Amino acid sequence: MNTPVPADWYLLLSAALFTMGVIGFLSKRSLITVFMSIELMLNAVNLSFVTFAHEWHAVKGQIFVFFVMMVAAAEAAVGLAIIIAIFRVRGTLTVDQIDRMKL
Amino acid sequence: MNEPMLFLPLIALFPFAGFLLNGLFGSRLPKAIVSTIALLFPLLSFAVVARAAWMVHGGMLLPVAESGAPTWIAVGGFHVGFQFVLDQLSLVMLLVVTGVGFLIHLYSVGYMEHEQGYWRYFAYLNLFLFFMTVLVLAGNYLLMFVGWEGVGLASYLLIGFYIDRKSAGDAGKKAFVVNRVGDFGFLIGMFLLIANFGTLNFHRIGTQLAGHPAISGATATLICLCLILGATGKSAQIPLYIWLPDAMEGPTPVSALIHAATMVTAGVYMIARTHALFDLSPTAMMVVAVVGTATAFFAATVAMVQTDIKRVLAYSTISQLGYMFLGCGVGAYSAAVFHLMTHAFFKALLFLAAGSVIHGLSGEQDMRRMGGLRKAMPVTFWTMTAAVLAISGFFPFAGFFSKDAILAAAFQHGTLGKALWTVGLITALLTSFYMFRLWYLTFLGESRGAAHQDGHGDGHAAHAHESPWIMLLPLVVLALLSVTGGWIGIERFAGFLEPVTGQAAMVDAGHTELFLSVLAVLVAALGWFLAHLFFGRDGEAAAQAAQSLAPIRRLLQGKYWIDEIYTALIVRPVQWLARFVLGWLGEWTLVRGSAWLMSGVVGLSGELLRRWQSGNLRSYAAWLAAGAAALLLFALAGTLLGLNGFADSIHWAVR
Amino acid sequence: MHLVLFLIFALFALAGAANLLLQKHPINSALSLIVVMSSLAVLYLLLGAEFLAMAQVIVYAGAIMVLFTFVVMLLNEGREEKTWGSHAARVVGFPAVVALLAVLASAILRAGRHYGMVSLSDGITTTQDLSRVLFRDLLLPFELTSVLILIAILGAVALARKDDGNA
Amino acid sequence: MDGMILSLILVVPLAGMVAILLLPDRGKLPAWIALLDSLLTFVCTLHLPAHFHNQQAGFQFEENLPWLSRPAIHFHVGVDGLSLWLVVLVGLLAPVGVVASWRAVQKNSKVFYAMYLLQQTAMVGVFVSLDLMLYYGFWELSLIPIAVLTAMFGRNLGDGAAGKAALRFFLYTFLASAPLLVALLWLYAHTGSFDYATLQAAVASGTLPGWQLGWVSVAFLIAFAVKVPVLGLHGWLPDLFSEAPVAIAMIAAGKLGLYSLIRFHVELFPALAHRAAPWMIALAAIGILYGAMLALVQKEFWKLLAYATIGSLSFCTLGIYGFTAAGMSGAVLQTVNEGVIGAALFLMFGVLYESARTSRMADFGGLARQTPRLATLFTIAGLALIGLPLLNGFVGEFLVLSGTFVGVSRSWAAIAALGVILSAAYMLGAIQKIFLADGGDQQNGQAGRVARDLTGMETVTVAVLAVLMLAIGVQPTVWTEAMESALQTVTHSMHAQGATPVRMESGTVIASSMGGRQ
Amino acid sequence: MTPDLFRILPEVILTLSGVLVMLADAALEPRADRRPLGWLAALGVTVALGASLWQGSLPAGTAFYGSVQTDAFSTFFHVLICGIVLAAILLSIDALPEGQHHRGEYFALMVFGAVGMCLLTSAVELLVVFIALEISSISTYVLAGYRKDTEKGPESAMKYFLLGSFATAFLLYGIAMIFGATGTTQIPEIATLLPAARSHTLVLLAFALMMVGVLFKVSAAPFHVWTPDVYEGAPTPVVALMSTAPKVAAFALLVRLLYGAFPLLHALWMPLLWIVAILSMTVGNLAALRQQNAKRMLAYSSIAHAGYLLAALAGSGTEPIAAIAFYTAAYAAMNVGIFGLMSLVAGTSERRSTIADYRGVLAESPLAGGLMLLFLISLIGIPFTGGFFAKFYSFSTAMQGGATWLALIGLLNSGIAAAYYLRFAMAVAQPKNGKTAPVGRWGVATVVAIFAAGGATLVLGIAPGWVLHAASTAAQSFASITGF
């Protein structure tokens, strides 16, 4: 009924999500989705935190997640503002086209 | 014993003072003062020499070395001072140098009167006297080398005196550089002396040689050969004679002083001065003799076909210097020096007379445009005649005695000596021939000035005029010396020099010598006769002969193409080597190229790294991810590869 | 029960993440992300983090993702196009990602034996526990967050505001 | 006074620099300050020979103040017979450089003279430092003014050649001094000191790890060899000579590197220097010929001077690495000579260049009439360069060659002596092309027409140098006597470590160096 | 017993002055001159600097339940960071275009950023580290994009932001892992609990992931790719700030992590940092060689400098920490100086961007040109400038740790580096015939900032003893507390 799950399954899921976030960062063409990939990575990390908090019976892990959320919110505000700013001057959000600075 | 006060340094310093005064202020001084300075200081110098000579005559013992000579170079145990020594040999030389030198200064006042840079000329001339006296008075090789190089410098400056003429500059440069080749030998010779004797002092080397006569012949030969190279440079012998004909670009009095009477004899002087060493090396002696004889003959042949009056004299000088070398080479040092002295008289006279002719013809030097000057320039003619007779070896002119002495010595010098004597005798014939050729072409016959001129004014000969007295006076004095200079006789002369040059070589004076003397005079007469045959009349014979001997003539006129051969064999390869091997391969490819290669590789990798920066966010992320992966792998490699406990054993147990 | 829930929501999360990657339109990606986040909220519950589960839904899925969708709408950016701006992303990035995942996974697997099992009822953290730590031990970070938020507001305003021509 | 004089010599130029920086850039004001200041420095440097005790071994006028405690760096300065004349030489050349720049530098003279005086301090610092870190500091510092002033006041600014030359110079020397710093740090790590005497004792004691010490000495050697420059490492020199302003070019080569070779290679690592000597001798002897031959075919005077300099600096190297008393004192003397002669030639051709803006010798011709003072002094300097006896070049060359010939190797000495022939050829060729007629070709000599003669100040300056050439040439003992005791110390310490004069023949370079390794 | 508040006094002052600037900004007329705000911010930072110095006199200790720790180490970096921010604010006062509004936010962001950076150097709780890092990062993200009407400004901010967050995610993951391995996030506790960690594999993983984040912040290769692009697009005074202050803070963090949390992994991170150091220097220097854009070139150079800094970690004992402290100080002085001058010379519109554009500066303005040369010379590492002693200490530390090869490679690298610095210097020195853009006006603020930087560069080069003493005190205090 209450079959326990090994903790490392959660960690594996976290690693998988983290990696998929990285893949998203590498492959998505739209700035917004790239940003979403980062959120995905943060979420993955959060899962690890919660898992470890559970394992250590330490509240700190959960509080960490709480702070990550706040940071994510702050980042989202700034990040989206940057995206808006870039859209204003470039008129596009395609990553591959925003490469004016190079070499 | 009180040291006689000879004031030897003054002999050198007087002309130097003249040089400084004229050199620094001459351009702003009036000509008269320049001339006064220029004449006064050599005269003072001559006076000191004359005083010394008088004292010697009065029984003063030679050699005299001024004590307390200042140090020049002193490093470690090696020590060289400004040491002046007067002995019989240097006294003779000094008398010639300052005496003839002064006469030529005097002559120059007239000859150079209208030249630009009058002050400069005299400054150089005084500088020359300074260095020449240093050379002669030097008590060690290094100081001698100072004079040696210094006279070269003065010669360079005077040859290039006409700064508007490119050929003059070229000639000056050539003289200096060729002399430097000789100096190279001299330097190496000195180094060998230092290595073997630890000193460069003549006296001390002499003592050591006397103390250890067992110094290896090979060493002596090596040193001597090096010194010979030096001597051939300065004294214009094969293989380094080539600069002297070109040196005629200088003003004629310079040719008389430097390139006939004094400087070029420095090689002979040096060999005589070093004879103790040469005596140890028969090989070196043979080389000297052969080089001298070959040069004498060779130069005489070339002199036969020269048309430039000064060049004839230049080759003649080379030829006569060859005699002196021959003298040295057969051990007749005193004879060589004797000839050196008489040669100084008559060759200086020849040049000065030629200068007078050139002066009278407003600069014409080509004998083909001369002729018939006897009447226009009587004093010049008669003095010149005396000189021609002297050089050709007619009795009782000076040249007869000295040349005879050399040839006699050669004749008595074994088998090789006989051969050398033969060549020397033939050379005497040629000498006589080309000197009379010159005599005929210049003074006798008709004036040919008009025949050759190409529309630039009238023939020079028509306007020829005798030179002013100030030029004629030296001519007359030298003519007297050319006539009487030999009367002192070789025996007495050799006796006088004996303390320096050692035992005279000839032992068997008598019938043989008389025979040889007569033969020599006959040969000279034959030369005159031949010259008369070819040039004494209308020159048809000469033309015919020239026709029939065309190839030889071409060879001679081309001066055996020695200059060209040297250019092709030495100058060009050196330039080629410098330009292509060093310049292109060394400098461009190796030095620059390696730097370029390095900077190129670095720059290229920089460029590649720069291109890495694509500007694309995804690429950057990819690199970040790759870096992260690498870092993770690095940190975890041990653990993950299953090296269980790797991390634990290595990483934990560090402390 | 725990296992089942875990499997289901883990699959949801993975599927959402995969969908995020596959979708061409940002709005679809955003919705997929919301799926991931919601699934994670459930997993948090499974791990006994009640408060976080709520916060996850409210803050993340609710606030942040709304912001995202809002910006997507605002900028009206259409489907993303297949552009080829980066070779490195494919040539270097994907091997790197594979390596990354491999390292992470194998490390976690190795470490896993040191960690226990998670069952539904153990170690539920109450908000009270949370706040005790938060407002005492971690007061400083908490206060710092205010500075962070302040900066975020300042920055967002500074960047997103449209300047007048002359200003 | 004796205890402070070196600091004073170091500070006076710096004070002048500050004064120039603070005062306005109006007219000739910076130039005057620089001139007076450098003359003052020169007077200060003259204090050294005046109060120098020839017989006394070791360093004099020493000052030793702690600068940093950890790492232990001291402001430790002092001179001995080796550095004495070089300090004076730097003092002498400073006003010469100002005079040489008097007309050439018109714009931005403030920057120029400020940098110039900085260079002054740096060079003196190199010669007097007895703390290796302090030494290294001055050594590196001396690169900056040369590079900057070349870039700013160089000849061909338009096409960027000046900047490139400056860059090349800097990179060559800076890259080479990177291993030097590593070597210094290594020595410090093993001895805990940068003090010269301490390090010398440490090296001599043989307690330092051998093979690494070998590399340390090689690092020293390379850094200095580039600066000299020794043959093969001279890539920067021709360009710098062609591009740098006269006052800079005249101090760029020679002195610093040669001094460092003696002081910090031969004296510090006698045994290792001994092992390197066969190679250095071979390089030097070939360098003499190489430089002279290339000088022979140059068309531009600056290039000619560059290769001529390589030749005459090779003489110095040859003397140093023969380890003979004559050779070494000849080398030091020759270093001074090269400075004096080079300065004179640079100044004079600089005057010509400044008006004609070309250094092709063929563009001149027949200047002797137009610029008699220049022609005369130029000829004197040229003759000094090619080693005419009674002028300074001869004594140096003679001592080096005789030392090498007698003590080291006859064949290498003979090869080196061949240089005397070639040097005459190229120098006289240059004099002829510039000052004498060139065959009446009307196209030539255009540049010459705008040339001017030396001004009064320039004449006096060059005349002073010319008198000095004569003075050194006639009385070299005054100079060599002061070196004697220092050189004895050198040779003594070398003998103590088994480094006798190198005996070799040209064919045995490799053999002997192999043999030395066992 | 020191009140907890004293331990974060500088941060409090900074926060308050930031808020004050914001409020004053709001109170000012829309069209009013905003420069007084800059002075206000500068005043706040100055007071904070004073407070940091005062903190140095407090006994070392922790506050807020072991969240922060102040000691000589944190004081050193606090002072340094406050100094940099102060200079950056002063540079900005004159550099931002006249009449541009919202400068209040700009100055406030700088001041708030300083809060994060300062805190980063004293934080011993990883949560505080994380928040402080985010504060400092977010403010610099925004500042980087401050010229949002240009094409490059937002792009710069975007790249910085996304890559920064990407790296932060790694750091955070690492924190999670270390939490999972040891059950704590307090640095001192980590060190003590490390041997008893649940899984050593996880520790290694955590360490590696955290290194990714920190090495990104110090822009060490191969995590450097963002640097040139971000510097190019950001306003120059901001570059002066963000090429120094966040890096200084990140190095302090790196030291804290390496010596404070992971001293046991010494044998692991030593070779790792060797590689990273060599890679950073080489990549940075080589890529800078052909660079034409001045700011990009200096960006690459800052990568190389990160390499030189990391080289010091090869040493043993407390030396590396002292060397890093000293190096960061010298590096800050010269980088602030050079970017300040570039800002002054290039003007607010940044009309000079390539190196060739700087041709003739020395002739145009000997003062500006001369100072530029000074800073470039210092960057090359010529003696009697701060840059020399910085390199000297770094490499001599490495040598004493036995890393001769590292020192050799590093110094050869600095030889290569000389090429591009000098190319810049040559350009500055070479006169230009054509028309040159005039050098900007020397405002009081600029003069103070640049002269302070120049003075610091010279003092660090001629009399480094004082700063070195402070640095080694910092190192020793750090060592005595962490007890490694």
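The first chain written gets the first letter, and so on, giving A, B, C, D and E; residue counts start at 1 in each chain.
We take it that contacts are C-beta pairs under 8 Å (C-beta built on N, C-alpha and C of every residue); 3 or more make two chains touch, one makes a residue touch a chain.
Remember, it's a predicted structure, so these values are computed and weren't measured experimentally.
Enquirer: In contact with subunit C and with subunit D at once: which chains are those? Just list them.
Expert: B, E
Enquirer: So which chain is the furthest away from subunit B, centre to centre on CA atoms?
Expert: Ranked by distance of C-alpha centres from subunit B, the top chain is C.
Enquirer: Identify the chain pair with more contacting C-beta pairs: A-C or D-E.
Expert: Counting C-beta pairs in contact, A-C comes out ahead.
Enquirer: Closest chain to the overall C-alpha centroid, by per-chain C-alpha centroid: which is it?
Expert: D
Enquirer: In whole angstrom, what separates the CA-based centres of subunit B and subunit D?
Expert: Roughly 35 Å separates the two chain centres.
Enquirer: List the centre-to-centre spacing of subunit B and subunit E in whole Å, with centres computed as mean CA coordinates.
Expert: Computed from C-alpha means, the inter-chain centre distance equals 76 Å.
Enquirer: Suppose each chain is reduced to the average of its Cα coordinates; what separation in Å results between subunit A and subunit D?
Expert: Spacing between the chain centres: roughly 65 Å.
Enquirer: Averaged over CA atoms, how far is the centre of subunit C from the centre of subunit E? Could you give it in whole Å?
Expert: 30
Enquirer: Hey, what residues on subunit A touch two or more of the other chains?
Expert: As it turns out, subunit A has residues touching two or more other chains at 11, 18, 21-22, 25-27, 34-35, 51, 53, 55, 60, 63, 67, 71, 74-75, 78, 82-83, 85, 88, 95-96, 98-103.
Enquirer: Where in subunit C do residues touch two or more of the other chains?
Expert: 85-86, 89, 93, 97, 100, 103-104, 107-108, 110-111, 115, 137-138, 141, 145, 148, 151-152, 155, 157-159 - these are the residues of subunit C that touch more than one other chain.
Enquirer: Could you pull out the residues of subunit B that touch at least 2 other chains?
Expert: As it turns out, subunit B has residues touching two or more other chains at 610, 613-619, 621-623, 625-626, 628, 630, 632, 636, 639-640.
Enquirer: Got a list of which chains touch which?
Expert: Every pair of chains in contact is listed here: A-B, A-C, A-E, B-C, B-D, B-E, C-E, D-E.
Enquirer: Under the stated contact criterion, what part of subunit B meets subunit A in this complex?
Expert: 610-611, 613-618, 621-622, 625
Enquirer: Please name which positions on subunit E make contact with subunit B in the complex.
Expert: Those in contact with subunit B are residues 158-159, 162-163, 166-167, 170, 195, 200-201, 204-205, 207-209, 211-212, 215-216, 221-223, 225-226, 228-229, 263-268, 272, 275, 283, 285-291, 416.
Enquirer: Can you tell me which positions in subunit C touch subunit A when the two form their complex?
Expert: Touching subunit A from subunit C are residues 1-4, 6, 10, 13-14, 17-18, 20-21, 26, 29-30, 33, 36-37, 40, 43-44, 46-49, 51-52, 55-56, 59-60, 63-64, 67-68, 71-72, 74-75, 77, 80-86, 89, 93-94, 97, 100-101, 104-105, 108-109, 111-112, 115-121, 123, 125, 129-130, 132-134, 137-138, 141, 145, 148-149, 151-153, 155-160, 162.
Enquirer: Which residues of subunit E touch subunit D in their complex?
Expert: 362-363, 366, 369-370, 373, 377, 380, 382-384, 388, 392-393, 395-396, 399-400, 404, 407-408, 411-412, 414-416, 418-419, 422-423, 425-427, 429-431, 433, 464-465, 468, 472
Enquirer: Touching subunit B in the complex: which residues of subunit A?
Expert: 22, 25-27, 34, 95-96, 98-103
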